[in-house]
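What follows is a set of structures to go through.
The same subunit A turns up in both complexes below, where it pairs with subunit B and then with subunit C.
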Partner chain A sequence: MDARARKVHRTQATAPGAPLLRAAAFPIRFFVLFAVLACASEAVRGGPGETAWVQHLFLQPTAALINALEPGEHAVVAGRAIASQTSMLRVTRGCEGTELLLLLFGAILAYPAGLLIKTRGLIAGVALAYGLGIARLLALHYPLSSAPHAWEALHGLVLPALPLALIALYFMSWSAAAAATTGAHGGAR
Partner chain B sequence: MRTAVLARTRVAIVVAAVLASGALGAEHYARLIAPYYAIAARCIAAPRPWTVTDLRVVDDDRSPGIVLRLQGAVRATPSDTAVAATTVSRMHVGAVIETPLVLWTVLALWPVSTPRMRWRLLAAGIPLWVALEILATVVPLLGPLAAASAVLAGAADPLTLWDHWSRFLETGGRFALPLAAGMLLAASARMSARRVAGDDVTVQQRR
Partner chain C sequence: MVFNIASIRARTAFVACLAFANLAAPQGALAAPLTSATRDRLVRGEYAYVIVEYDGRAAERDADAVRMRRRLLFEDASALSARRAGYARIKAAVTTHAGGGDAQFVHDYDSLPLAVWRLSSLAALDRLEAHALVRRVHENRLLRAISVSDLGFINQPQVAALGDTGAGTSIAVIDGGLGSNYLSYSDFGACTAVGTPASTCRVVYDVDYYTGNQASAETVHGTNVSAIALGVAPSAKLLMLDVFNGTSATSTDLLSAMNTVIGAQAAYSIVALNLSLGDGSSHSSACSGSVFESAVASAARVGITTVAAAGNSGSKSGLSDPACAPGVVSVGAVYDSGYGTVGWVAPADAGGQCVDASQAGLVTCFSQSAAYLSLLAPGTFVNAPNGSFQESGTSQATPHVSGAVAVLRSRYPAESLRETLQRLTGAGVATRDPANGVTTPRLDLLAAVDLGTSLSLSGTGPTTATAGAAGTYTLTATNAGPLDATNVSVSDSLPPGATVTSLSPGCSVSGAIVTCLAAALAANSNVTFTINVSFSVTGPVYDTASVRADQIDSAPASAQTVHLGTPPDAPLPTGDGPLPAWSYALLFVLLSTIGAGRLRAAARLGR
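And then the complex of A and B:
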């Protein structure tokens, strides 16, 4: 056993908590990264950049889709709301889809994979999260005008949690593929 | 590959079932656990100039739906008897059930080798669930009392740490917190199970 190998052996022997730390590394990294991203998102909230981000990327495409599906609705963006003939959907914190992106970024960046694999995962994931964000706003608009009691269940739990579950399934697929790719390349991380 | 697809299908089915049961049972869950929230809120309020006068599940008077409503009174100082401000905070019952649903789904789906390990993991999840309920539901409901105290103390910006925490939860923390906590618990349970298994092997070898 050479000197380096002895050192590694000694380190492993004297660190009984090391496997636990390795096993706990992903959830800790995920939560810390998510918290940092959430704080950064909160710091810019309400500013002109954030308002433009929400209006141009989420609200206007949703209003355009509503008008395309039902031209009689005359949906328009008013501040952080989508106003139509039948309803007024106020898009507050957590409803616009930003948290899906934050959770996705936190999970993919925390996962031990190569930079290229992470970049691919983020590109596809951001597209999915964006589509889910728009779909959620559409799904919130229709019950608000037609079925207010169904809107409660949808708004309170199903529509926040269903996109998250789909993002989680995407992450499971991506991480399985990333682990397979990393294993095929000799564990290069 | 087939195993991975089966695992994802199982996750998708369980998640769909959990969402459906959550949507149907959110109000019942909130009614069931409201007394615990009330006790926890009163314990947190006790050393402060706050009084939790009422905490219950009610029909929301401002929007369609059912909410968990906390009514509170704030005094200028803990020794004061006169109420200086009253607050009302609300949380939709759907939001109330989000954190426990995510936590128990993670613990129920986390891969373990034996049913005994699953039961141990679920049992270990109980204290975590009790703590997360306070962090994810009780603390945000108490936020307006902290804001009222800050206003009464003359703070120019009544945005308190309680408000920052509530905003963090609304920005996705309500999901990230139980996800990370559940995964952390599952990882530590797995490691302790391995350590126990290792100890067993050592004992057998000694024999």
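And then the complex of A and C:
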């Protein structure tokens, strides 16, 4: 049994109801951590950091993907928009999925698990959230140009719900793995 | 030789009937002045409104008795009341005997022996006409403010209602003079002298080459012809050049008058020269040797269209001179309505006269014709001015076209004379002369005004831009006709961030608008303009261009506008993509639930 497990064990020994309290405290910790991350994100909004994050990491790869899939579109990044022959998608605040990523970050950080497990969870979560962000922008571009009548429904319901479900499933999967790992080691925090 | 009223005598059945009607006693129906068209309607079971004239003599005798008893010169209220009561009794009697489901009394003129009936069968008409107390059944005719009797047939009233009345133009008429008629008839603009008062008088020039030799018939002819032209173009002015010495004129005098008109064009904005005269000859093809050819060409050079009467000899194989002269718009005559069987003096006819079963649109038997005849226009029983003089002939058809030229030149001053003629002939109603099988367009002024172009615009150019890069917009205007387009203007609105670097000839830039002009664009041809720009922005750009010209255009507006790129404010292709707030809240709840649930489960396992 390693030190962390022993510590948990001690905690359990000294306070038998502590795990339940920890479970109850999770949403609070999650909210606080998410708030801190959101504030940090807000602090860099409008600066070069955000430009690099949104335009270079999300918009340019998305435009490149659009052009690769359909060269005739001539998609280019214009500020915070992806402009093409057939449509112009303005990527406004949160459109790229930063907030979803921060929520996932907050949840993983708030969850009592080992550092290695959290690091792995964060890395995989970032990859997932990033991929979902790109996929969402792609998915918004095509109906905008080819089926604009369906765009509102896609934009307002389907496309937010799908990443949410996938992120929730991912967190469920990760937390299960984390719990199993922690349980095998005799506890978790 | 001129085509005057004396040379064309209408010997019509209906005239004879009218004469008979005036003499006959009012016992039963007389020859009813109803058109065959109205009778045909009734035969078909359609309805027609007619004006029934009653035999009101009994009522009038009653009123006279009252008036005389009261020793009055004119009827007073009680006498009028007696007359009205008498009329009412007569009308009631007729209604009782002739009325019915197919003959309804619909409107009364209580002080007149008249009433309006709605008939829906020929039997109803027969009952009315047979009634002893009915004198006549009249057609309910359209009355027009303008005196020329057949303007409706060429759709002139609709054109006038559009405001196209020949304003700013003048028509020169070389004919038999006005005499003092222009002072008497308001159609000439309430003149007290030539050009006086300037605000209303439409006769701006009046010269008599042989003062004191005006024959009455020639004055009537000149007055009638002039009034017809002014009726078609009610804002145009008139120049009268009376070249007749008694009953004839000479080529030299006509050329002298044409010379004067050409010299006066600028001063009076003369656009049409009316020649309701001819030499009685018959030329089967254009008479390039005519003495008038050069004068006509000279007139065209200063913007005057020469319009001449085809001739009244009845020859169906040629036109008279000067109608045959190259460049002349020659005009034959058609009926504007049915007048029954009509006989005419027609020297070219074997018997010296010809007979028509007249109907609207029929080419008259006296009207000379040939394959190169330009137009047909109404030329029978034309009443002008102020309905006072009635004349017939190609002389009367000709000023219809002269007036039409004035209207078209006023409406489309930038068009060439060729285009004006294109309008007149291209919009005309194809009319076949049954005597020779030649089909000639008949004047339809409304269609001529409406005839136009079919312009479209196409273009290419960048829809997205990169700062520092160049771009080229290419715009092509195409005219599918049938008319040539004049003053073709292509206007291009450049996107923000685009700066012109070079332009095609004919183009200029003002701000963000590039305007490219072509003075003319022939039918079935196109013109291309190129606009080279450099961009100072990166991103989507939107350029829009449109084309227009002087003419009325039949192409849809969408064909005349080009959109390159996506309009910045277009709602559908542009979208903002923020996640809705509920998604954040939902994910927070989901993750909280999952995390807390997992921890509770771990705690239970731990216990």
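Observations on the model:
Here is the rule we go by: the second predicted complex is superposed on the first by the 165 of 189 C-alpha atoms of A that agree within 3 Å, B and C clash if a C-alpha of one lies under 4 Å from a C-alpha of the other, contacts with A are read in each partner's own complex, and residues count from 1 in each chain.
Keep in mind that, in the parts below, contacts are C-beta pairs under 8 Å (C-beta built on N, C-alpha and C of every residue); 3 or more make two chains touch, one makes a residue touch a chain.
Bear in mind the structure is a predicted one, so any value in this text is a computation, not a measurement.
When both complexes are superposed on subunit A, subunit B and subunit C clash. Once chain A of one complex is fitted onto chain A of the other, the partner contacts of A:L116 are absent, as it touches neither subunit B nor subunit C. Between subunit B and subunit C, the partner in contact with more residues of subunit A is C. By the touch criterion defined above, A:F26 reaches both subunit B and subunit C. Looking at the shared chain after the overlay, A:L137 reaches subunit C, while subunit B stays out of its contact range. Once the two complexes are laid over each other on the shared chain, residue contacts for A:S175 go to subunit C alone; subunit B is not touched. In the superposition on chain A, contact is made by A:A35 with subunit B only, not with subunit C.
Touch criterion met: A:L162 reaches subunit B, while subunit C stays clear of it. Between subunit C and subunit B, the overlap after aligning on chain A sits in one stretch of 351-359, 405-413 or 585-593, namely 585-593. Shared contact residues of subunit A with subunit B and subunit C: 19-20, 23-24, 26-27, 30-31, 34, 92-94, 99-100, 103, 106, 148-149, 151, 155-156, 160-161, 164, 168, 172, 176.
Within the complex, the subunit B residues that touch subunit A are 4, 7-8, 11-12, 15, 19, 22-24, 26, 64-66, 92-95, 97-98, 101-102, 164, 167-168, 170-173, 175-177, 179-181, 183-184, 187-188, 190-191, 194. Interface residues of subunit C facing subunit A in the complex, by the touch rule stated above, are 463-464, 466, 537-540, 566, 572-580, 582-584, 586-588, 590-592, 594-603, 605-607. Those residues of subunit A whose C-beta lies close enough to touch subunit C in the complex are 12, 16, 19-20, 22-24, 26-27, 30-31, 34, 74, 76, 78-79, 81, 83-95, 97, 99-100, 103-104, 106-107, 110-112, 136-137, 140, 144-145, 148-149, 151, 155-156, 160-161, 164, 167-168, 171-172, 175-176, 178-179, 182-183, 187-188.
Across the complex, subunit A meets subunit B through its residues 19-20, 23-24, 26-28, 30-31, 34-35, 38-39, 41-42, 92-94, 98-100, 102-103, 106, 148-149, 151-158, 160-162, 164-165, 168-169, 172-173, 176.
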